[in-house]
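Per-chain residue numbering starts at 1, and chain names A, B, C and D are given in the order in which the chains are listed.
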Amino acid sequence: MVRQIVAAWMLSAAFGLAASCVAAYAQTDAAADSNEARIEDLVTASHILANEGILDSFGHATVRSATDPSHFFMPRAMPPALVTRADIVEVDLDCKPVMPNAPRLNGERYIHCEVYKARSDVQSVIHTHDLAVIPFGLTNTPLRPVLAQAGFLPKETPLFEVRDADGSASERGMLVLNAFLGKALAQKLGNNPVVLMRGHGETVVGRSVKEAAVRTIYTNIDARAQTAAMSFGSPFVVLDDAELAAYAKEERPDRPWDNYKQRMLKAQGSLR
Amino acid sequence: MVRQIVAAWMLSAAFGLAASCVAAYAQTDAAADSNEARIEDLVTASHILANEGILDSFGHATVRSATDPSHFFMPRAMPPALVTRADIVEVDLDCKPVMPNAPRLNGERYIHCEVYKARSDVQSVIHTHDLAVIPFGLTNTPLRPVLAQAGFLPKETPLFEVRDADGSASERGMLVLNAFLGKALAQKLGNNPVVLMRGHGETVVGRSVKEAAVRTIYTNIDARAQTAAMSFGSPFVVLDDAELAAYAKEERPDRPWDNYKQRMLKAQGSLR
Amino acid sequence: MVRQIVAAWMLSAAFGLAASCVAAYAQTDAAADSNEARIEDLVTASHILANEGILDSFGHATVRSATDPSHFFMPRAMPPALVTRADIVEVDLDCKPVMPNAPRLNGERYIHCEVYKARSDVQSVIHTHDLAVIPFGLTNTPLRPVLAQAGFLPKETPLFEVRDADGSASERGMLVLNAFLGKALAQKLGNNPVVLMRGHGETVVGRSVKEAAVRTIYTNIDARAQTAAMSFGSPFVVLDDAELAAYAKEERPDRPWDNYKQRMLKAQGSLR
Amino acid sequence: MVRQIVAAWMLSAAFGLAASCVAAYAQTDAAADSNEARIEDLVTASHILANEGILDSFGHATVRSATDPSHFFMPRAMPPALVTRADIVEVDLDCKPVMPNAPRLNGERYIHCEVYKARSDVQSVIHTHDLAVIPFGLTNTPLRPVLAQAGFLPKETPLFEVRDADGSASERGMLVLNAFLGKALAQKLGNNPVVLMRGHGETVVGRSVKEAAVRTIYTNIDARAQTAAMSFGSPFVVLDDAELAAYAKEERPDRPWDNYKQRMLKAQGSLR
């Protein structure tokens, strides 16, 4: 079994090496990047984030098409832990499936369409109901980068309050079920990597599925560290400009991706 | 193994589809609903809630009979994690087993009898000792809906204080061991989906086993989110009328049920 | 696998039935009680409490001899998770092994010798480093019965401060390594079921291994509930005299014992 | 399976016996100590600490060479959970690999080089991102020895603030990526067993891999106990001089090492 893990690690390390030079697909050569490779990462990211307890029954991860930037790939409406290749649907930026007779999609797909429209740099979008970050939105407490590994976070992560976006009280709800709300969320996200959503969760973006997934994990860990530090009742230190700048030059998702992927495969029993 | 999960998911998705149109058995066609189907869900719900750490050694889930609304099904006195079809007993609303020579039942079965008597809309009752909700009862802190997925909760969940119900100090205890206390609990529940029980746990109801089980899980998650938000020491936002109304139109337990069921089956080793 | 669990459950239920009429070995008929049966429970309790994260690398459980009340059985110095029948040593109340060439025993065996000497009603002693109860001792915060299942606890659990017991500053430490300190601990325990030990853990006693083990588990759960309630910053309700009296008449460890035993066996892989 | 654990335990107990007389390699006879034995412990420690959730994707453990005290062994840049014998690289105290064509090493290897240079008593260094200790550094809260098993900690564990060490704002970051910062960290460590690193984690040292690993685990447990005690809002008791002195005479890592090793092997499936 240790031998199996090693073999799996060596394989993923080999692939990881190719990817480790580049954080964004834009910089990848054609051979390493393809829709199938992106979709494989998407399925893996869904399983990793479910295994870490960050994606629940309802969250969703997506990836932009490598061949048509006005399309993206998204699982049909189902729990992310159970997604397979066969569940992936190609969707356009009007949030309509490309193929006829597509299965039912998540009602909140507008999160993804509008973020891809607004941010050409974004290749992957992940929407979670992460319990570690929800208290920040509920109490309007700024989430801040306090960990060396969370230097991708801005000094204050923006918070989306759906009530501010949608004034029509009669039909108002918590979910981002139309383009109007999707646009409002994308606007609140701005150029940031993460936007919190009050009583709901967060949306994280990245230049690749791996980057978005690893940012989602370290947003969770940073939120837990800040929560614990705040419980001590004294001020806590936040990463400063020099530290954030140093991080930006080093952001590489490969090592944590490999680590969390092996952990997920072991939990699934695939490495036994 | 991934293939096995997929197969299991597809099967459950197929059944789920039929159920996803209806939250209540009342609306189900005769083919999909039967006592055996209800009992199968009851056993599954017991295992799911034990696997999530919400049902301990003593809690119990029940379901009303599909053929005789004055009867319901309940496991004999035993830990819910270990319940099987053979342990299920049919009970009438006077809390007596229908068949002679029935095995010993839980002393607290009066919770179920009296709630079924008082609430004809209720098809399933779940009594837990959930540690996440107990602090609310211990401190008389209102549990509130703070999460998008907990919109079934009222703005303030009622709290049952057994001391108020039973003035007879000499024989007083913590448990609901007779019809008098069961009636008092049902009265405190009123038309709500959940009633907290001081120092003890909670009782949750639903229009189906799936709905009651998923409400039990999201009561747990909502309690954890509110607890964390309160620890921040600032006010927190509660779902408002429009948000609760929007949720009510959308409540569907199938996706989380499928997710937590697969998780339980994997933990049991049934999907290896 | 479900079938295997059921079979194991039925077996243990059959044995459990015999025991469920009696909380104390004193009341058991000779057939059901024997040194071998007690030792089997001792090994099981060690594994259960390790599996629940309550016994760490150093804690220890013991049981009094059924045939000679001035002897008891104790594992040799080793982690409780790994104890087997072959590791059990018979010890007298002077804390000396009965057989020559016995393996090395825990330095803290004096906890057990002195409690068995002081309390003829006690048949089993468990010493843990339970992290859930340690904060109570560190801060001199009274641990109180707040849960329906923790009615065995007194309104205030006593706390042993080793510094008060041992005035000899030069050789003083944290551990109960001699009869003098063991006696002081037993005196602080008094007629209670539990005594907290500052910076160290707790010692729990029972009228059987099952009772001591289940009390250890519910002391942990009660401590977690009280800790959470205190974090809310408002007063919390404690079980009153009537509630404690009602509990005392009902204390039966069998159902939780069966539940935690199956959980441990499943974690060990014995039920796969 | 119980039989397998027992067998594994007996083997490790046999080896453990040899080691249990000595905390430091300096005192070990040549037969029991060798570079291969040290490297085997290093791989095991990496897996143990990952299994306990203390080492994440980035931390690293190292051990000094038994044959050349100016060399040490370190895994190449990879997640510690996945390290095998083949990933271990011999490094000199200038932080250069001894063999040509060595694989890429961790950027933070300077932590290890400079601590080995400064502390001839140190045989093993472990750098973690332990979430339980990070809040202490973030809030400049002294970590103190509150547990009987954490008596190796000084009354106040020093804290390394990387900003104080490196005044060159333009290139400043969070990581210890050069000899200058490594020296500053080693200086802050002084003669202590642990140094906290703000927003980053900690570095722990020991007279053997086992001692460093077990100290890392009990630093984690002590931090959790102190955090919980502080949440109670009242003063907490710290080990005093006599208690720390008593601990120093007794520090032996073998029993927890055996316990955590078995736990890791079981989690890996090696004991099924």
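The definition used in the following text is that contacts are C-beta pairs under 8 Å (C-beta built on N, C-alpha and C of every residue); 3 or more make two chains touch, one makes a residue touch a chain.
Values in this document were obtained by computation on a predicted structure and should not be read as measured data.
Both chain C and chain D derive from one sequence, and where they touch, under half of the residue numbers involved are common to the two copies. Computed from the mean C-alpha positions, the centre of chain A lies at a distance of 46 Å from the centre of chain C. The distance from the centre of chain A to the centre of chain B, with each centre set as the mean of the Cα atoms, comes to 32 Å. Residues of chain C in contact with two or more other chains: 231, 272. Taken as a graph of touching chains, this assembly forms a single closed ring in which every chain touches exactly two others. Contact residues of chain D toward chain C in the complex are 1-2, 5-6, 9, 13, 146-149, 151, 221, 224-226, 228-229, 231-232, 234-237, 239-240, 242-243, 246-247, 250, 255-256, 258-260, 262-263, 266, 272. Taken in their complex, chain B has these residues touching chain C: 56-58, 77-79, 81-82, 84, 86, 129, 131, 134-136, 138-141, 163, 169-175, 198-201, 227, 230-231, 268-270, 272.
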